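Following this message is one structure expressed as structure tokens.
Chain nomenclature is as follows: A, B, C, D, E and F, assigned in order of appearance, with residue numbering initiated at 1 for each chain independently.
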Amino acid sequence: MNEIIWDLIKDKTIDELKKGIREDGRSLDQYRPIKIEYGITKNADGSASVKLGNTFVLAGVKFGLGEPYPDSPNEGAISVGTELLAMASPSFDVGPPDENAIELARVVDRGIRESKAIDFNSLCIREGELVWIIYLDLYVLNDDGNLFDASALAALSALKNSKFPKMENDKIVLKESTNIPLNLKRLPILNTFTKVEDLLLVDASLKEEKASDGRFSVCVTEDGFMTAFQKGGIGSFKKDEIDRCIDLAFKNAELLRKLL
Amino acid sequence: MNEIIWDLIKDKTIDELKKGIREDGRSLDQYRPIKIEYGITKNADGSASVKLGNTFVLAGVKFGLGEPYPDSPNEGAISVGTELLAMASPSFDVGPPDENAIELARVVDRGIRESKAIDFNSLCIREGELVWIIYLDLYVLNDDGNLFDASALAALSALKNSKFPKMENDKIVLKESTNIPLNLKRLPILNTFTKVEDLLLVDASLKEEKASDGRFSVCVTEDGFMTAFQKGGIGSFKKDEIDRCIDLAFKNAELLRKLL
Amino acid sequence: MNEIIWDLIKDKTIDELKKGIREDGRSLDQYRPIKIEYGITKNADGSASVKLGNTFVLAGVKFGLGEPYPDSPNEGAISVGTELLAMASPSFDVGPPDENAIELARVVDRGIRESKAIDFNSLCIREGELVWIIYLDLYVLNDDGNLFDASALAALSALKNSKFPKMENDKIVLKESTNIPLNLKRLPILNTFTKVEDLLLVDASLKEEKASDGRFSVCVTEDGFMTAFQKGGIGSFKKDEIDRCIDLAFKNAELLRKLL
Amino acid sequence: MNKRPDGRNPEDLRPIKIEVGVIQRADGSAYIEWGQNKIYAAVYGPKECLPKHIGNPYRAVVTYNYRMATFSVPERKNPKPGRREIEISKVSGEALERAIFTEKFPNTEIEIDVEVIDSNAGTRVAALTAAAVALADAGIPMRDLISAVGIGKANGQLVVDLNKEEEDAEDAVDIPFAIMPNTEEIVLLQMDGLLTKEEWKILCEMGIKAAKQVYEIQKQALKSKYFVEEL
Amino acid sequence: MNKRPDGRNPEDLRPIKIEVGVIQRADGSAYIEWGQNKIYAAVYGPKECLPKHIGNPYRAVVTYNYRMATFSVPERKNPKPGRREIEISKVSGEALERAIFTEKFPNTEIEIDVEVIDSNAGTRVAALTAAAVALADAGIPMRDLISAVGIGKANGQLVVDLNKEEEDAEDAVDIPFAIMPNTEEIVLLQMDGLLTKEEWKILCEMGIKAAKQVYEIQKQALKSKYFVEEL
Amino acid sequence: MNKRPDGRNPEDLRPIKIEVGVIQRADGSAYIEWGQNKIYAAVYGPKECLPKHIGNPYRAVVTYNYRMATFSVPERKNPKPGRREIEISKVSGEALERAIFTEKFPNTEIEIDVEVIDSNAGTRVAALTAAAVALADAGIPMRDLISAVGIGKANGQLVVDLNKEEEDAEDAVDIPFAIMPNTEEIVLLQMDGLLTKEEWKILCEMGIKAAKQVYEIQKQALKSKYFVEEL
């Protein structure tokens, strides 16, 4: 069923959700079936795919070498890119990342970066001169809603799967790995809530997103911290709605973390 | 009143100008009220805003470090950019500089550069290796005509307001200034004349520009030199018209220079 | 006569070709008159123009200096660019190279590169550090069909005409040449065949191309090698058609090579 | 409770000054000085959509262009808009759209341009605050204003309106925050850092309170131009 | 005849696995694993042309977008499509267009997107093979499938389906090759290297034979989804 | 009065050769050799505006694309058009537009493309000179031709048609200059350098005289093609 139809049946979707009915029989606070696969490509230094229902995202990591930023001479860096592939949706186009892809990449990036899951000091090879740069690229292959959580999960999985490449004379030796994993000190999980009238849906499908105006994402760690918020869309959230989202995020994140 | 209307009342505008009547009561060879403010932003190494009637332009200077050009190993450089901000006019769009912005930037650049107002040798730190580069960026906030003169005046004012940043180990120390001003050896003033039929208008408003096809700009120094010409628009100028423009330019520039 | 008309009279063009009649009286396996001029521009290190009937292409070479690729530390490089100038056809637009220009550049590039006509080792100045890079740029000035063969011929002619610039302290001395020619060890000739129903045309004019769906190009050397194939367009070729093209290519290339 | 680096108490805002109607060509405009931040905002519209197919037959399309001048930051910014500017433009435009009666203007565009000419932390909330005033100045019918403020943590303290020095603290948490002041609905909410649920609860209250102070300044600025008692 | 670096005989293909219908949103899709190559292909259309003027009043326009993920190659690829990807997209789209009854769908577009996520030589022919299956899955009427394979020379031997190690051989010749399997018409043919006429004649036969093996795998994959006896 | 570096007197032009009708596909075209400068110019139009909204209901739109080949200058030029090329295109197109009866062709475009393939100072005036001839060759109705020439100062002398060596002199002033030769109206005028009013007065006269010489060469070239006595 395509997006135009979902727009047309928006009212019906809302009515059903109000009755607590989701198309696939889930409760409002439940995720769709999740399937994670690791090491899906050999040329990547780390990779993973995530299926969240029919939503399908790939993440791949390549290590690069570069100079550190002047204000953090003994820290490596991470760079997150996202492509909403034209194949993923009739409404995505070929071309450079648009504002939606950029927002997605930046929210995924912040959730991981701020959690200090990656020890950036450990990416320093020679202070002020040479550091590892982690290039993490996300490819959305199929959009059936909740790209934020699927992408964040794929990103984390790919990082977890990553091994440093071999380096000689300050250059990467292509096609050789060291078997030294990238250690993650935390597992920050992004949880996105979609507001449909007064309801807060967990892991909305695309059809449900079409019936909604607002989205709120919160990234949480296993030790009780929140590392990123992002409100998106035209809707608004009351304070107590945010609080409910946060509580639910901590609860659901525990379940999701077990899948990694 | 918007631009479409000015196009429609073009004939009326011309008739009034022929009678010597300008909408704000000025004579044909008079500038609108001019207001210059210096040091408008702290993060810039120099800055100024210029209001020419309702036309409003900001200029800011940042110093950078770079290698000199191979053919002038002991000279620094200047780079002038212009943005016709979308906010400045209903007819300006968001996006990279178009041909109008590029022409504007290049005419302002030439007027200053050719006057030798800036001693490029004094911008050399180590011959053939390290020189100061002056990045001068112009932002047009409101276009009510004569962007050329307003921009040139803002550019000159910002340069006059500039102080070198602190440098350590061949790197700029951010947020620290030296209090050493950038010396200007001349004050080149750009004067733009707008041709409406046989009339030559000084400092045309946008409404007057809409009734015109041609523009001629001349940049003059206090010691009798012209440093740049630019004829723009579809009109043409007779030799004696150019001569009248030049005479008036030297006269008006003296008045404008006093405002700096 | 313009392209829309050629589309309309496509059937008539096909009928005449089936009778063996080409608009200019050539046989199906004949090239149009070819005119090659060398050294057409002084600022280039090598240049040539080629006229193939009314099709008109310029090629120019500039040498540059750069680092070798890590996997071939003692080899120089060649970079081929093509511009289908807006002036060359009512259907070409101003702008960056489109897929047609890119295909053209890459086929010309492969034909020359793979023939090993250029000894890339001889372009090495210091292993792993400094090599010559040949920038070969093609400008299509008039498109009357068979841009592939005209461009490949112009490219080869310009290379044949090239002399190394003077170098001092690892930098090119502008405007000074050494009189040392770039040696070509082979003369690879590109031959393009245009399929119109069951006919295979040599050197199709634009009118003939408009009546065709498919094109096959093969680049051949004087010592019996093929160095590049390219099938383009929507048509298909049977095995025996390819074989006929190859035979004819070796035959025609001998004639073309004599013109160089 | 400790004094902050610039001497403020945790709930103190930096000085804010708003001027209305500063860009003559625009349908509405505002200039804001918020601490060292200096920002111009202008509104054009509702106007025809160009190209037409970007239009929406049910409501006005809201576009928000947040840009920073090259010289508005300590290290010269590339003139080309970066990914940060694009993301801020997206979420800020969505925040404003919540307040605008867009359904009254189908097939039109409301364009909001903001230009940061000097900066010292909190530019996106200052820009949003100015943009809301510019929309009101343009006479665009709105449910409410949008009032924005930064909240967060720095040097072990929960504070409102962090400046750059505080944003650079080791433990800094930065939360751009905006509400419709009359309903307290949150329309902009982002966060960067390590924050607990308890800290958030306190900060959210501080944010609502601070945003309402910003609201008073917005109303005052509009009154100065329009001499109206209540918006 | 010598064994090849990976132990194959000259006419052996690497293992090929095709899955149909892997992208739920697309009108048709396929996933192919061909040796280490992993590629997704999806088809949208026939659909409205946007902007309209790209449409053709006599037939559907076929667009083919071949892209490689940044991490699909040993050295990270720039995310921006390069000239190689653009050329491959052009000739692959032309190859497929030969097989599609485009005249049945004037003024529409058939969009084919392929994404290479892992690679080891021969991605363009693997992608084309997957794309043909995706077109069939989308129910686009076709004269025939398109079956593709690499042929060429490496280490003094004529072989089919070169892997990366072979492509990097000193004497390597690489020939992307595709046919309509039922008529043996060649729809894709490129070449790089030094090849004699005699070598080509042998290779062309090897290519047709190998492409027909690929065809069997394509049909099998479609059957697994559709349970049809013959395409 | 001293001889110039290349032996010319101050008012001497370099050798100029113009050929008409060199680009067969174009509606009009010309090739100019002016000293070492070599430039092709072609005209298409009046033709349909694409996209339509760039059209003007009262007159033809004139677009002028001045480009330099990468190998036309001592140091290889980036293939992407630079700011200099964009500015020259703008002012040159405006100069030509003055001479064209654009009001006869509303809602159309007249496209002029010029390509510099070799250069040695004065390319923009040489290009403009060739473009005017190409417009005449295309049969575009014009008030007058446009005749252009460089004027300026070098090595202490006022001269016409500076070459590169003169342009690089310490005291060089370069003034691209173009007129409608029959009315002496100035349609292109730019300047770079330090010039006095008195110098300008002399140069302007020299420029008009030189441009009229250029005009004779333009007419001669057109005559050679058309055998007409007077334009």
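The definition used in the following text is that a residue touches a chain if its C-beta (ideal position, glycine included) is under 8 Å from a C-beta of that chain, and two chains touch if they have at least 3 such contacts.
Just so we're clear, the structure is a prediction, and the values are computed from it rather than from any experiment.
Between chain A and chain C, the least number of touching-chain steps is 2.
Contact with both chain E and chain F is made by C. With respect to chain C, maximal separation of chain centres occurs for D (centres as means of Cα atoms). Separating the CA-averaged centres of chain D and chain E is a span of 51 Å.
Once the centre of each chain is set as its mean CA position, chain C and chain F turn out to be 31 Å apart.
Here the spacing of chain A and chain B, counted between their Cα centres, is 47 Å. Chain contacts: chain F has no residue touching two or more partner chains.
Touching two or more other chains at once is no residue of chain B. In the complex of the two chains, the chain A residues touching chain E come out as 40-45, 47, 54, 56, 58, 60-62, 64, 81, 83, 85-90, 94, 96, 135, 137, 139, 141-144, 172, 174-175. Listing the residues of chain E that touch chain C in their complex gives 83-84, 86-87, 89-91, 94-95, 97-98, 175, 180, 183-197, 200-201, 204, 208.
Note for the complex: chain A touches chain D at residues 99-100, 102-103, 105-106, 110, 114-116, 216, 221, 224-239, 242-243, 246-247, 250.
Against chain A, in their complex, chain E makes its touches with residues 23-26, 29, 36, 38, 40-42, 44, 47, 65, 67, 69-76, 79-80, 111, 113-115, 117-120.
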